[in-house]
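Heads up, there are several structures right after this.
Two complexes come next, and they have one chain in common, subunit A, joined by subunit B in the first and subunit C in the second.
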Partner chain A sequence: MAVFQAALLNELEKLYKKKKVLVAILLSLAVIVIGQLVIVGVRSGFGLRGTGSVEFPMLVLSVVVNTILPLFTALVAIDSFSGEFTQNSMRITLTRPVSRFKIYTAKITAIVLFILGALLLLLVFSLLAGFIFNTNSATLDSLSRTVFSYFVSLLPLTVLALAIALLANIFKSGIAVFFVSILTFLALKVLGVLFSQYSSLFLTTQLDWYNLFLVNSFPMLKILRQFLIMLGSGIMLFTAGFYIFDKKEF
Partner chain B sequence: MEKVIEIMNLTKSYGNGRGIYDLNLDIYKGDIFGFLGPNGAGKTTAMKIMTGLIRPEQGDVRILGHSVTEEYEKAMAKVGCLIEIAESYHYLSAFDNLRQLARYYPGVDHKRIDEVLELTGMLKFKHEKSKKFSLGMKQRLGLAAAVLSRPQVVILDEPLNGLDVEGMIDIRKMIQHLAEKEQTTFFISSHLIHDVELTCNRIGVIYNGKILNVENTQTILKNYATLENYFVSEVERNGRVSSSAS
Partner chain C sequence: MKFKKKSVMLVSFTVGTLLLATTALADIASKSGYDELKGAIKLTTEQASEKFDSFTLDYSMALKDNGKTLESSNETLKVDRTKDASENISSGLSANGDKRSSQSYSDKTTMIRVSESDPTYYVTEFTKERKDEAFNNPFKEEEAADIEKIVDAVVGSLKDHVVVTENPDGSKAITGSLTEVQIPSLVNAVASFQLKQEFNNQNNNQNNSKMPRLTKDVFVKEVKGSAKVNADGVMESILGTAVLSGKDEQGTVHEISLEALVKVMDINTTTVTKPDLTGKKVVKDIARYGDAEMSNPEKFVGKFKNDIIIEKDNKFIKVGERFVDITQIDGKSVTGRYYSEFKPEFEEYAASLSDFKFEAKFEQDQKTSANFEGTNDSGDKVRGHIYLSEYEGQVNFNIDNFNGSFGSGLMFNSSFSPVLD
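And now, the complex of A and B:
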């Protein structure tokens, strides 16, 4: 366990020391500021209400979960694998007394913690912006649902990170991984519309699964089904990615 | 004598016909073993298998009694290595680079990091990011990383790459000092045959993926004027002379 902790700490330090984290924070804040400006503009320009204080974070989530969060996930996952493959810096870790399984798991965990950090940052700042600028419509119930929605979004984003990590272990070039990821993402979006009866199987649809928790009737079976689909695909993606990583020659 | 590294029937072939075939080699405690061979003879392949970067098709390597393929963490616990080019995270300082590695070894603290930076002449660049380093400086940092954990076994592939004369002398002294004082065992490959002659006390020659001979440096120098003469004669005797000799 101490070895895994060391590997995880190293991965987190590498993430933190790169400028990418800073860019991610700034972009997240930019989304909130721009979003809030649009809302204020709509309200004063057209006299429409826009959103209430707790609705604003949900609006932010619905936008970022399909845009900048998958993008950040891709950037960080590609950098963590392809970046180190091409610069040969993977050897630095690989020749230390730590198994490849622990290295792979530490990398994935660091990416997941990064996504969690981004979600928390967006949650806190969008809540703050919502309370400051918008009409107060907060109830404890709606607030807890909002917080819950942000947390459950971590699961599909983790599956996405595992998928990108798998691609990063298949393709050599980081740019190739990035393009394949974006094309697959778009293709799944289109397929989700064309074959809506199967769309619950697609990762792109699962990104919106937090909506299930907002329904008053609380569709327990549907939530369980979605959870198991994500869990299953996550396990498969992790296994496939690790298998290739373990066989890789450096 | 205590066996520190055992290479047993090691085989790994590549599509281009190169590789290593049925390699057997024992390295004993306190050896400074020089691994000589022409380009493409299989030196780096053997060293990459020894450090777990690639897997053998057959055979195994045991370091301090632990199999590299089966008990990697145990096998590498007391090993320091530098394979091919000294890599570092270019966005981290020399100190941060070593601190990353130090986390894997319980006994390595900040004082030890300063010690190895001093030992390799890098202390004055401690807080500089490694992207600004010259090839020689990166190599020194790589060597600092290799000896950071006070390893019992050090595997170095072309450790003198990019070093100036002063650097080469420093590193040679460091290797001899560690072998003498701390009984560290070294496994070194180098194309700088003169340096191998001065540093190593046992020499193994590899050619076309096979070990030709293993001999003490002293014995070699009794029979041959220089190590270079021995190397050329070994290679000639066992096959065709490499293109470098023509």
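And now, the complex of A and C:
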């Protein structure tokens, strides 16, 4: 465990040193500021309320979970694998007395922590903006549902990170991975609209699964099914990704 | 050790695959509440248009502002499919406080209307039996499947908000409710903008109405719905409520709620009765329209004219007449001549209007309208369209490539009335 901790710390530090984290933070804040400006504009311009204090974080989540969060997940995951493959710094990591399994897990964990950090940041700032600039519409129920929605979004994003890590291990070039991911993402989005009865199987639809937690009646079975689908695909992606990573020669 | 690692990987991959595959299958197979709702609506409309001999459809709607009724309406449609007859009773209260109520009856050969404000029975008798279906299944229309797909995509994740509870007797209750936090912000914004515009527009059109004018902080607060489905899968009632909240110019908060209830009742036990007209004031009318085939087209042989006028010294002055002279007509074609005559003092205008003979073949399934082509005196081709209106006793005669009517100041339209004296 100590070895794993060291590997994780190592990965986190590498992540932290990258400019991408800073860009991610700035972009997240920018989304909140722009979103709030749009809401204020809509309110004074069209006479609509736009959003209330709790709806604003939900609006932010619905936007970022389909745009900048997957984008940064992809960038960080690609950087963590393809970046190190091409710079040959992976060799340095591998020469340490840490098993490849632990390195792979540490890398994935670091990415997941990064996503969690981004979600928390977005949650805190959008709640702040929501309460400062919007009419209060919060109830304990809606507030807790909002906070919960942010946390459950971590799961589909983790599956996305695992999928991209697998791609990064298949293709050598980071750019290739990036384009394949984006094209697949868009294709799945379109397929989800065309075949809406199967859409719950697509990762792009699962990104919106936080909506299930907003339903009054709390559709337990549906949540469970979605959770198991994500769990199953997560396990598959992790195993496949690790298999290739384990077999790779550097 | 090597072997162990490989088998662990194999096992975990298999477990992942199985987990994914089984839940995926279960997920596809599971019928969501939304699907059940859709199924019930489809089944009900299908049965209503094909299977039930008779039924009663009751529709009522109310618009309330902070609980005070602004507008309401109630409609009861009784349909007897065996007789192809239907009866419609409607009543309502409009926003400016007017009450209205009316009743209508329709079967294959007659249509009767009467309203409370005017107790005269207006009876329309049809010359031919109508083949009108009393109730059409909207899901049988061509575009229905495409529209359904679009609706499915738009509804998207909101599908999960529909909940079904099954009762011991096999009937089902389908409910759904959305509060502001559950309605996606974009949907809410677009919907509330649309509603606000519609609401305020309606306001402008009606003076002294009780409708509040919403200007600020408009949003959709709540959308609720519930439906009852009986053991046969037929929907017995569906109730929908939407609440729009907003402030008027004085800053007072208004909660406008719209409630709509549709009930299907008395399946196979509804009787439609023709109103008893004895001793009532009756206005009769014989309908000819909707009759694509004319039984006696020869009545159109003869001259039809319309006036050409100009504006002069702030007055309209008649300068001449245009004529369509139909010389021959049968079920397939119509021939004739188009020309104009001017009063002697306005002869200078004559050059701007042409004079030609035409022959037109009727369109296949419409024996009253035809496109024609002719050659005028200066040798130019003239194309146009002729329509014989049996209902108005007129000929509509349009020339496509017509020039010179507006530039010269001549005014006329395309309806020609028969020259009878």
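Definition applied: the second predicted complex is superposed on the first by the 250 of 250 C-alpha atoms of A that agree within 3 Å, B and C clash if a C-alpha of one lies under 4 Å from a C-alpha of the other, contacts with A are read in each partner's own complex, and residues count from 1 in each chain.
Following the convention adopted for this analysis, contacts are C-beta pairs under 8 Å (C-beta built on N, C-alpha and C of every residue); 3 or more make two chains touch, one makes a residue touch a chain.
Here the structure is a predicted model, which is why all the values come from computation and not from measurement.
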item	value
Contacts of A:N66 with subunit B and subunit C, given as first, second, both or neither	neither
First (subunit B), second (subunit C), both or neither touched by A:M236	second
Subunit B versus subunit C as contact partner of A:L94, first or second or both or neither	first
Contacts of A:A6 with subunit B and subunit C, given as first, second, both or neither	first
Subunit B versus subunit C as contact partner of A:N216, first or second or both or neither	second
First (subunit B), second (subunit C), both or neither touched by A:E55	second
Between subunit B and subunit C, more extensive residue contact with subunit A	C
First, second, both or neither for A:T109, with subunit B first and subunit C second	neither
Contact residues common to both interfaces of subunit A (with subunit B and with subunit C)	none
Interface residues, subunit A side, partner subunit C - complex	42-43, 46-52, 54-56, 58-59, 62, 135, 137, 142, 145-146, 193, 196-198, 200-201, 205, 208, 211-212, 214-217, 219, 221-222, 225-226, 228-229, 231-240, 242-243, 246
Subunit A partner contacts - residues on subunit B that touch it in the complex	48, 51-55, 72-77, 79, 81, 83, 85, 87-92, 96-97, 100-101, 103-106, 145
Complex contact set, residues of subunit C against subunit A	5, 9, 12-13, 15-21, 23-24, 26-28, 30, 32, 149, 152-153, 156-158, 160-161, 163, 177, 179-182, 184-186, 188-189, 192-193, 196, 214-219, 245-246
Of subunit A, residues touching subunit B in the complex	2-3, 6-7, 9-10, 13-14, 17-18, 87-89, 91-92, 94-100, 247, 249-250
